[in-house]
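In the two complexes below, subunit A is the common chain; its partner is subunit B in one and subunit C in the other.
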Partner chain A sequence: MTTLRYAYYPGCSGLGTSKEYDMSTRAVCEALGMELIDITDWSCCGSSPAHTVDDRLAGALSARNLVQAGDIEGVDAIITPCPSCLANLKTARHRLQKPEFRAEVNKLLERPVHGDILPVKSVLQAIVEDVGMEELRYRVRTPLKGMSIAPYYGCIMNRPPKIMEFDSHENPMALDNILEALGATVAPFNLKVECCGASFGVARRDIVERLSGKLLNLAAENNAQAMVTACPLCQMNLDARQNQINVANSTNHVMPIFYFTQLIGLALGFSQSQMGLEKLVVSPRELLAGAAG
Partner chain B sequence: MHVINLSKTRDQEFISRVEQESGQNLSLCYQCGNCTAGCPVTFVYDIPVHQIVRLCQAGQKDAVLGCHSLWLCASCQSCTTRCPNSIDVAHIMDTLRHMARRDGYATEYGVKSFTDSFLESVERHGRAFELGLMMLYTMKTGKFWTDVDLAPAMLAKGKLGFKPHPVQNKEAISKIFKRFREEFAQ
Partner chain C sequence: MKIGVFICHCGSNIAGTVDVAKVAEMAKSLPEVAFASDTMYACSEPGQEGIIGAIKEMGLDGAVVASCTPRMHGPTFMRTVARAGLNPYMFEMANIREHVSWIGKDKEANTAKALDLVRMAVAKLARNKPLFAKSFAINKRVLVLGGGVAGIQAALDCADGGLEVVLVEKTTTIGGKMAKLDKTFPTVDCSCCILGPKMVDVAQHPNITLYASAEVDEVNGYVGNFQVKVRKKPTYVDWKLCTGCGACLEKCPSKKSPDLFNELVGTTTAINIPFPQAIPKKASIDAGSCIKFKTGKCGICAKVCPVKAINYEMEPEIVTEEVGAVIAATGYDLMDWTVYEQYGGGRYKDVITSLQYERLLSASGPTGGHIKRPSDGKEPKTVVFIQCVGSRDKSVGRPYCSGFCCMYTAKQAILTKDHIPDSESYVFYMDIRAPGKMYDEFTRRAMEEYGAKYVRGRVSMVYPSGGRYVVRGVDTLAGTQVEVEADLVVLAVGAEGATGAAHLAEKLRISYDAYGFYMESHPKLKPVETNTAGVYVAGCVQGPKDIPTSVAQGSAAAAKVLALFSKDQLQSDPQVSSVDLKRCVGCMKCAMTCPFGAIKEQEVRGEIKAQVIETMCQGCGLCTATCPQGAIQLQHFTDNQILAEVNALLASELEETQG
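The block that comes next holds the complex of A and B.
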């Protein structure tokens, strides 16, 4: 099999609050024949704060990484696990096609943007499109039988479609198809692309408690035993803040929130610790013991 | 009831600035309300998103830049995705936030402080340093107890580093901010 090679943009949260996402992404990609080459000295893409302050500042913070990815030889795309990084890098790339915007951003950069910029994809998109479901199914060693999981995509993985160019923006199926390929049961979940409250957890926790609370309620009503996400912020709101949400809404959810790469890893035969499962705040131990037994 | 005298308060320059900076044609909006219908944060908005666009069309600068909604938009892109006239509504919201900042409106101090703390962290280290960001936010707002209940679990799981992970060429990033202030900040 030919190896797929990518410029990899880990994103800041991968160094902290979503360590287990970065860990499991690296392990799973290697196992699926995807070679990740970290972008040299990558820096923050600006996340959501930068674009709320200025388009050109946000553009420059992303562009520095796009330029440095261009130094890597033999890659056709940049991939990143985080939808917020993805949206910033893709939006910057899109806007940089306009000469006026490019000229203004270049005024801010040590190394200006010249010529073409590599396409940007999510790790999810690369696994779905470049590896494919057939190959994934073929590599499953320990199917996730008996686990009913709600697929939650978050809001910006597929929106706006003109920029994100992947999957359906109202009813995406990438995570559904992956769960199915891994042998899990896909719980019905019609809030797939609803917002979790994003980065308001700190300044306006009431927003996260209400929006993420709604997601947990629906997953539980549909008898999901866990949820799966592709976004560090969604994961943090649903997992680390689950207790805050329970207190605010008088609920008592105990719902493990996996990264999709962790579930792929388990099905491929990696151990729970290799997938960083002990880093999840709501422990999936009982659920996984039940599934194995 | 809040009454606006449209002929006396119409600010044409504001309309042009919004259109130019967002790259959107405001007159395309015919107030169908699809953006508001899909907006997840309307419950905390003082003015729903379709009315913000209407107020922009009518040049109501003060009403728009002084509202809370601008700071509470989650950038979820639902409005942009579902607009039947392909107006990038989320980009209008972003543009209005930029203008509100520049013109000194800040109706949600906590949200503004979080954004400022985040960017200060990036300017200093080149990457977001989560614990440092929370410390900056605490200093700005005095909200010591914010998320203090999360800290033990996050620390125990090794998810909150005590040290930043700076990039090697830190100056390259701080210079982006410096040049930005010199070139564009008013």
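The block that comes next holds the complex of A and C.
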């Protein structure tokens, strides 16, 4: 089997709040024949504040990472697990095609951008497009039989469609297809691309409690036993704030919130600790024990 | 040669940005010009009389009018010149409005360009020759394409006017979209009850030949003499024998076939008659669903048919019809609403189109006129209508207003209340567009008497939750977000040109727009004509319109055909190609490039030569540009005439550079 090689951009959450996403991504990618080469000396993508302040500054932050990635030999793409990093890298790449923008950004950079820039994909897109569902299905050792899971994509994974260029922005199917390949039951869930409240958890917690509350309610209503995400922020809001959400909305959800890479890992035969499941706030132990039995 | 030049002010249209007096003055200095003047409105009665007067007084041999586009007034001035006793082709037009005054504000530059155009026109006119039209006979039969209400009206009017009509309908019955509607707005009368009798008239009219389940393969010829190949698709039932008794339908074991007439709400039998009022009321087999076609077993319909009409071996049949005019009335189709993924189009069973809802309302529909949710057959208590799905939405490439959706939504909201008195209807709308007679009153009645709740704003998404559907949108008047829990969601889907319309337009050699609608010859003054003589349009084929307008257009197109056929002979346009036999080497390259098949081989004293069939030539000039010998020339646009224009233009350029 040919090895797929990627420049890997873990992003800041990958080293902090969503360490288990990074862990599981690395393990799963290796198992699927995807070689990840960390971008040397990568810096913050600008996350959510930079682009609201100055698009050139935001462009420069991402451009620096794109240039660093260009040093890596023999890779066809940059991949990142985090949709926010993805959006920033993709947006910067898109805008840098314009000579005027590129010139402005290059003024800010020690190492300016020259020539072509590597394409940027999410880990999700790379698994769907480069590995493929057939291969994934073939590699499943312990199917997630009997588990009903709601696929939740978050609002920026596929938006804006002209820049993200992956899956439908209204009804994405990538996670649905992965769940199906892993042998899980896909719970009907139609708030796939709704906002979880994003970083409002800091400034206006009530907004997160309302928006994320809706997501949990609908998932529970449709008999989902867990939700699966591809975004550290979505995961944090639904998982770490689940108790706050319950208190605010007088609900009592106990809904484990997985990263999709954790579920792939489990199905491929990795152990729970290899997938960092103990790092989840809402424990999936009971659910997984039930599924195993 | 004595030429007169008339420069038109067109009010301030031209005179505002062109020094017309100066242009007239310059024209006088040209050697062939005997008379030149500027005139306020050349096309007005005094304007035309002025031209006639000058021609007669000065004994002019030809006239140049510098004014608007020849498309608008070319024929007008040709008639003027003819009234003055000259050959109408001893006339040239310089377009100094669309090509000059309307496109720039620099008076000096405009005047200079107007001078150039007039100089060119004079140079050409000096080389013009009188041309004479030939007469040819007309075949006074008319082909109507499409058996919807517009086509039916056109066919009946033509037939009542004494013409022989060939009506070609793609599906197995006429009636079109109107036959699928339950009621019509704003009168709320039964759609099929008012259309049905007209359909019967079509079937019984001695002058109408109806080909249902048929399509046009090929159109050849020209106004007055078209040859049309009609392909009759196999229905696997001999319609000459079938009595429409329905015995086959009852016994057909394949009961889950897609029911196209019912817009796929509900199913039908593989052999079926679309609906009780169908014309022709004949059965046909849907080969895609038929067990006999799929497995070779069954054949029950053939066994039960009392007149032995079933024929599984039936092949398509081509018939050639000769007609003098064509009316295209092939209607519209709904835009593909499944691109609205946020509404769950095509995914959620209870999110349906307006036309599907129409079938649920109809007594002849799959639910017998009871509104039932497709998912579980329950009666919905809250129905949400979402308007402008595929209308006025640039993001899905449909920027235009489909026009009738506001009205049919109001009608459906009213009917919903009639059917289910304890129901609630919500209508999410962008604007209410109800400009027809009694239309605004009708939408108000939906709100005021029937209590339909109108919310101004777009819906952002629809999602199922707990057996119902959450419809989330914005109320732009209240400035808030709204969520409505609905049992059924009806999408008011906009219209686009019918499937295959573009293909048909190419066969008819007429233009169509980016949305598949056919282009009328003039948006205001020639609404049912096309740019191909003898081809007319009626109904939604030209753009979305309601029933009254479609019917009016059907009648209008029929009137045009009757006017055309009121003469026994038509005059051919003499601006056609002609072959100089001495120069022609018989290479026949001209015939290969001619898109109209108007050039054929002939033998002249043992040599192959090209020959132009003048009645078929459309005067496009492709052959002229192709001929290596310069042997074929387009009359009125000969090489010499065009070169004279170019020389006239270059002469002025030359003067400028030297001066």
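List of remarks:
Here is the rule we go by: the second predicted complex is superposed on the first by the 293 of 293 C-alpha atoms of A that agree within 3 Å, B and C clash if a C-alpha of one lies under 4 Å from a C-alpha of the other, contacts with A are read in each partner's own complex, and residues count from 1 in each chain.
The rule is short, and it goes like this: a contact is a pair of C-beta atoms (placed from the backbone, for glycine too) under 8 Å apart; a residue touches a chain by one contact, two chains touch by 3 or more.
Every value quoted in this text rests on a predicted model; they were computed, and no experiment measured them.
In the superposition on chain A, A:Pro160 contacts subunit B only, with no contact to subunit C.
By the touch criterion defined above, A:Asp54 reaches subunit B but does not reach subunit C. In the superposition on chain A, A:Arg26 makes contact with neither subunit B nor subunit C. Residue contacts after overlaying the shared chain place A:Arg241 against subunit B, while subunit C stays out of touching range. Of the two partner chains, neither subunit B nor subunit C is touched by A:Lys121. Once chain A of one complex is fitted onto chain A of the other, the partner contacts of A:Phe200 are limited to subunit B, with no touch recorded for subunit C.
Shared-chain residue A:Lys90: touches no atom of subunit B or subunit C. Put subunit B and subunit C next to each other and count what each touches on subunit A; the higher total goes to B.
Every residue of subunit C that touches subunit A in the complex is listed here, in rising order: 340-342, 344, 347, 461, 463-466. By the touch criterion given at the top, residues 168, 170-171, 188, 190-191, 218, 221-222 of subunit A touch subunit C in their complex.
Considering their complex, residues 40-41, 43-44, 72, 74-78, 80-81, 88, 90, 94, 97-98, 101, 108, 110-111, 113-115, 118-119, 122, 126-131, 134, 137, 146-147, 149-150, 153-154, 157-161, 165, 167-169, 172-173, 175-177, 179-180, 183-185 of subunit B touch subunit A. Across the complex, subunit B is touched by residues 12-13, 15-19, 41-44, 46-57, 60-61, 64, 104, 107-110, 155-156, 159-161, 169, 193-195, 197-207, 210-211, 240-241, 243-244, 278-279, 281 of subunit A.
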